[in-house]
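Chain lettering (A, B, C and D) follows the sequence in which the chains are written, and residue indices restart at 1 in each chain.
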Amino acid sequence: MTTVAVVGASGYVGGELLRLLFRHPKVRVTAVTSEQSAGKPVQSLFPNLVGPELVCEALDPDRIAARAGTIFLALPHTKSAGPAQRFLKAGRKVIDLSADFRLKNAQAYETWYQTTHPCPDLLPIAVYGLPELHRDAIRSATLVATPGCYPTAAVLSLAPLHQHQLLGDPVIIDAKSGISGAGRTPALSYHFPEANESIQAYKLGDHRHLPEIEQELGVTVTFTPHLVPMTRGILSTAYVRLRQARTTAQLTALYRDFYKNEPFVRVLDPGHSPNPLHTRGANLCEVSAFADPRTGMATLMAALDNLVKGAAGQAIQAFNLMQGWDETLGLQDSGLYP
Amino acid sequence: MTTVAVVGASGYVGGELLRLLFRHPKVRVTAVTSEQSAGKPVQSLFPNLVGPELVCEALDPDRIAARAGTIFLALPHTKSAGPAQRFLKAGRKVIDLSADFRLKNAQAYETWYQTTHPCPDLLPIAVYGLPELHRDAIRSATLVATPGCYPTAAVLSLAPLHQHQLLGDPVIIDAKSGISGAGRTPALSYHFPEANESIQAYKLGDHRHLPEIEQELGVTVTFTPHLVPMTRGILSTAYVRLRQARTTAQLTALYRDFYKNEPFVRVLDPGHSPNPLHTRGANLCEVSAFADPRTGMATLMAALDNLVKGAAGQAIQAFNLMQGWDETLGLQDSGLYP
Amino acid sequence: MTTVAVVGASGYVGGELLRLLFRHPKVRVTAVTSEQSAGKPVQSLFPNLVGPELVCEALDPDRIAARAGTIFLALPHTKSAGPAQRFLKAGRKVIDLSADFRLKNAQAYETWYQTTHPCPDLLPIAVYGLPELHRDAIRSATLVATPGCYPTAAVLSLAPLHQHQLLGDPVIIDAKSGISGAGRTPALSYHFPEANESIQAYKLGDHRHLPEIEQELGVTVTFTPHLVPMTRGILSTAYVRLRQARTTAQLTALYRDFYKNEPFVRVLDPGHSPNPLHTRGANLCEVSAFADPRTGMATLMAALDNLVKGAAGQAIQAFNLMQGWDETLGLQDSGLYP
Amino acid sequence: MTTVAVVGASGYVGGELLRLLFRHPKVRVTAVTSEQSAGKPVQSLFPNLVGPELVCEALDPDRIAARAGTIFLALPHTKSAGPAQRFLKAGRKVIDLSADFRLKNAQAYETWYQTTHPCPDLLPIAVYGLPELHRDAIRSATLVATPGCYPTAAVLSLAPLHQHQLLGDPVIIDAKSGISGAGRTPALSYHFPEANESIQAYKLGDHRHLPEIEQELGVTVTFTPHLVPMTRGILSTAYVRLRQARTTAQLTALYRDFYKNEPFVRVLDPGHSPNPLHTRGANLCEVSAFADPRTGMATLMAALDNLVKGAAGQAIQAFNLMQGWDETLGLQDSGLYP
């Protein structure tokens, strides 16, 4: 069994990592940290967890490194870079689920996160952990930056067009997320009576996932996230002017070809639309393509579970690659429906 | 008291008409029809209704016309035109909430509804019942076609740009609706376990509300509706390339000016986003404008209650105008929050 | 117009008072207080509100008393008694929506609220504001204690049995509430992802609404509240051993007779069950009675909107009585459905 | 690999059986039937399913028996008994998820299901498939009747009291179920806008799960099921007069002892309440006990996922026993949270 630690386990991403790692056939979780819940069993934080009765401890990188070969960091951005550096120096592999190593450009980080990057020297070795685009680099990485939930959906919905140089102008991404995407800290906007029967856009033109999307697609993007009254799930609806005309059938064929060997991307038949309900709990992204002959615009959609393919599942997919294992290990179970 | 009838009262729009008409200070509802519920009291269909204990009857236009001066038709499309004609011949005013008289062009109706228009001769006298655009025509109309719920939101979010000839290409409307917008007839897609924790686009490039939007805005539109797990509410998020550059402040000022005398449109301050939760049960449309300096695109949003400003409330607003009354009569109460 | 003030307007009960008072034909709201939102317009707290643009002020009883004849207190328990005393001394009428004056017994207050009662001398003049049981006393009261939301449902479901001395032992009340009943302050239990797809009992045998129920019914009660994933609404399901056998028909007749003149209680036909969905936004309580011939137990149910008949609406009903007006003034509109 | 068939796979229980069987390490699903979906791949019915691409066929017992050693029947009641008989004659083991073999008494079946039992001769060999009560009988059974979802929760919450002869009178079970418990066939009550923001009791004193509960507990029970706006989950809240006084600590100890070797029952600490949110997707039942010193009544609660421990998971638990395997095979993964 390979040993791993989960650092920052009290949020939803930390809990989802534990759920998935507990059922991974080759993994033993040997340490779990949480500053605010130090001393508490993880089952008291996540009543769903069936598995080893681990107790949260405060983060002491040396003590953690002594017990685990790979470290999953589920810390807030700016808090992740320091521990990552410590773990790497100790010879451990690091899979960071924060935003600290997603942007290749330290200046862009400073612009969007309004703070100097804590460890810019690590940026060159960090690999953006989207296996569908960077599989080989992930295999040999020691530091992987797991993509944000919105970027995973948006980039997977548009990557085939990017590869074929079909992305014209504009590229518009209208994304809808369940409330778990906002984290586990209560606030008025996420208070049940205010989030229920509600749908609202936020951070227009200003969301921190935007530069990630532009980095991966190489184009300027208009990105508008919305919160919808669901617990889990993201639907990304992108509108693109194609550089050359394509029919829905042609686009679908192009997407099918691009994703033909991908275990976790499902390209839907024309006339079908992705729905995060189809992916709950699963490391799966549904994708569809539609070309509107009336308007000349293409509509590209992707749906996924923000906590799985949008976070913890994708991190484990990268981890499997880094270990040289079958990429799907521990990630093949069906989601929950309904 | 002015007498009115509600024809086709068993659906959600019919029920909402009764709720609002029952509290209208100058109206008496004298007849209610429903083929499937003939003989049943309206309170058995809508347990919320407090008011006269009316009993549904089968539709007999002559008998209805004898009792009511204005007829609200809440029938399915293609079923409305015939009765409308009968009521008009009998000298009654008709407010039609179906799609039968929304499109000015009979050929467009045939294309989108895949049937010959039942009464094309009435199209020239029908007025599109959006008071913010057609107030004067509504005042003198005898036949008003109440706009669809999506078009109300989409058109109100873009009308100021249309008036100022700022609508460039593309114009993209990504709309999200609660499930009541799909009507009261059960189907698998609206079955609670399939609609809950779900969000899905439908009828891409093919929704019947699209030609209405294009008719009112005079441009080609990409329109994608989505169903979200709410009971009521629509949020329309439109993305537009402006023909001339504008800042958010300029756009907001332009919207404020356009809607300065409108009792039922609320233009939000920059940085605030419309939310149908703010409008539940009220004849109100929240609107906002945002110009993205990075991309040169504008994002225009509108939120409303699909059954009120998107249907029954708007119909009564038109009715007030047709009667020469204060447009806000019976429509001024606050919505429900939360 | 009669002048009123709403003290403590930033919570859901305060907002609902404003919604209902704004549409009351004989009332003008002249002052609104909120410590945390002093200086803010009420519309910034409650975006649904259509009406006068009032600005919250900090609570200064003398300044408020100078402007309002009746004061609605929507403050937390223990915070209400002091201001109530000040307003009464100034000759104002007080309708308190906190728990401070609901229990007639200061010792019981101390037991259940674990603090000495702030103004025990006022308890003898306070009237429990359930019009269906205490209408005459309310009419002449200067201090009314509006019942809790659970007690309103539970007591209305059982009062006819109490009057007829049919309440045997045990009396069990299993109540289910929407999340707005827990107030507007965010907490993990009310965080959307934790409250959605969830149902849980809380405060078994220990909820502070229990002594109110026992006070009004004169019997010992087992009371278990549950939170369910709805925004508004309470359903109370009571199980009672009757002291004498009765059929469902007999019980229904007895309930019909008891409530025959009540404008806001609707006794359902046998075979129908109350549902808070039927009462949203309305000052209405649905009640039903069922006698199980197999077990000899009776099941008595009540449904209402916790913020209306369970709080703000009931307070206005009492206010109408205190003013000598028609009890239904401003409270007769239909609720929202669906 | 052991071969199994799922007969009647188009409903939620059928889909959940496939989800769980697909991840069972010793099982191969060799046949799937559905009359209405014959010819369709199961993934078209359940878009979550990752696994073999099986195609639904019409039910031909001989063809199915030729391919599968154990048959899971997820058919409507009265439709199950006939095929069960055919499969048993062919020497196959049958796990029936309908109600046809749950009641030991053919007369009771006739009373509650209002039809003559199709195969009363099989009743003596049918075993009620609740492993916590009938483990040994299940091990050697050829025909297992999987309990209903409500009975599983209710019986597990009360079985320790039954064993210790502490169940006095009355025994009241107030149960709350998510909408998936009502099945996959759309109807107005389950239409999203009518089921959302709604809670309602149904079939008072008349629900078909009642005789099962009484059969297993040996006492007369008052049972009231409610539908709440959740997709999955049941919470059962039982109120019992104990035959001898017990404290909460004593009851909890008694429950802990009764369930000490049970892999799928979790007895909560005093002060904690079961919540189906903790069990979503998992074969798990949370149980708690509380004795109210004020009233002398005990409150016993159980929460589970109606489609897993309340149906498909429990069936597989019984199947593992019938095969002589570890009872937890394929059933040990954590549920989904949130």
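Just so we're on the same page, a contact is a pair of C-beta atoms (placed from the backbone, for glycine too) under 8 Å apart; a residue touches a chain by one contact, two chains touch by 3 or more.
Every value quoted in this text rests on a predicted model; they were computed, and no experiment measured them.
Looking at C-D alongside B-C, one finds more C-beta pairs in contact between the chains of C-D.
Ranked by separation of Cα centres from chain A, the top chain is C.
Centre-to-centre separation of chain C and chain D, using mean CA positions: 39 Å. Measuring from the averaged C-alpha position of chain A to that of chain C gives a distance of 46 Å.
Chain B and chain C have Cα centroids lying 36 Å from one another. For chain B, the set of residues that touch two or more other chains comprises 12, 178, 180, 193, 196-197, 229-232, 275, 277, 280, 338. Of all the residues in chain D, the ones that touch chain C in their complex are 170, 172, 174, 176, 178, 193-194, 196-202, 204-205, 220-222, 224, 226, 228-233, 235, 237, 239, 241, 273-277, 280, 290, 292-295, 297, 299, 301, 303, 338.
Considering their complex, residues 12, 15, 18-19, 22-23, 46-51, 180, 197, 231-232, 275, 277-282, 284, 332-338 of chain B touch chain C. Chain contact summary for the complex, chain C toward chain A: residues 12, 178-180, 184, 186-188, 190-193, 195-197, 229-232.
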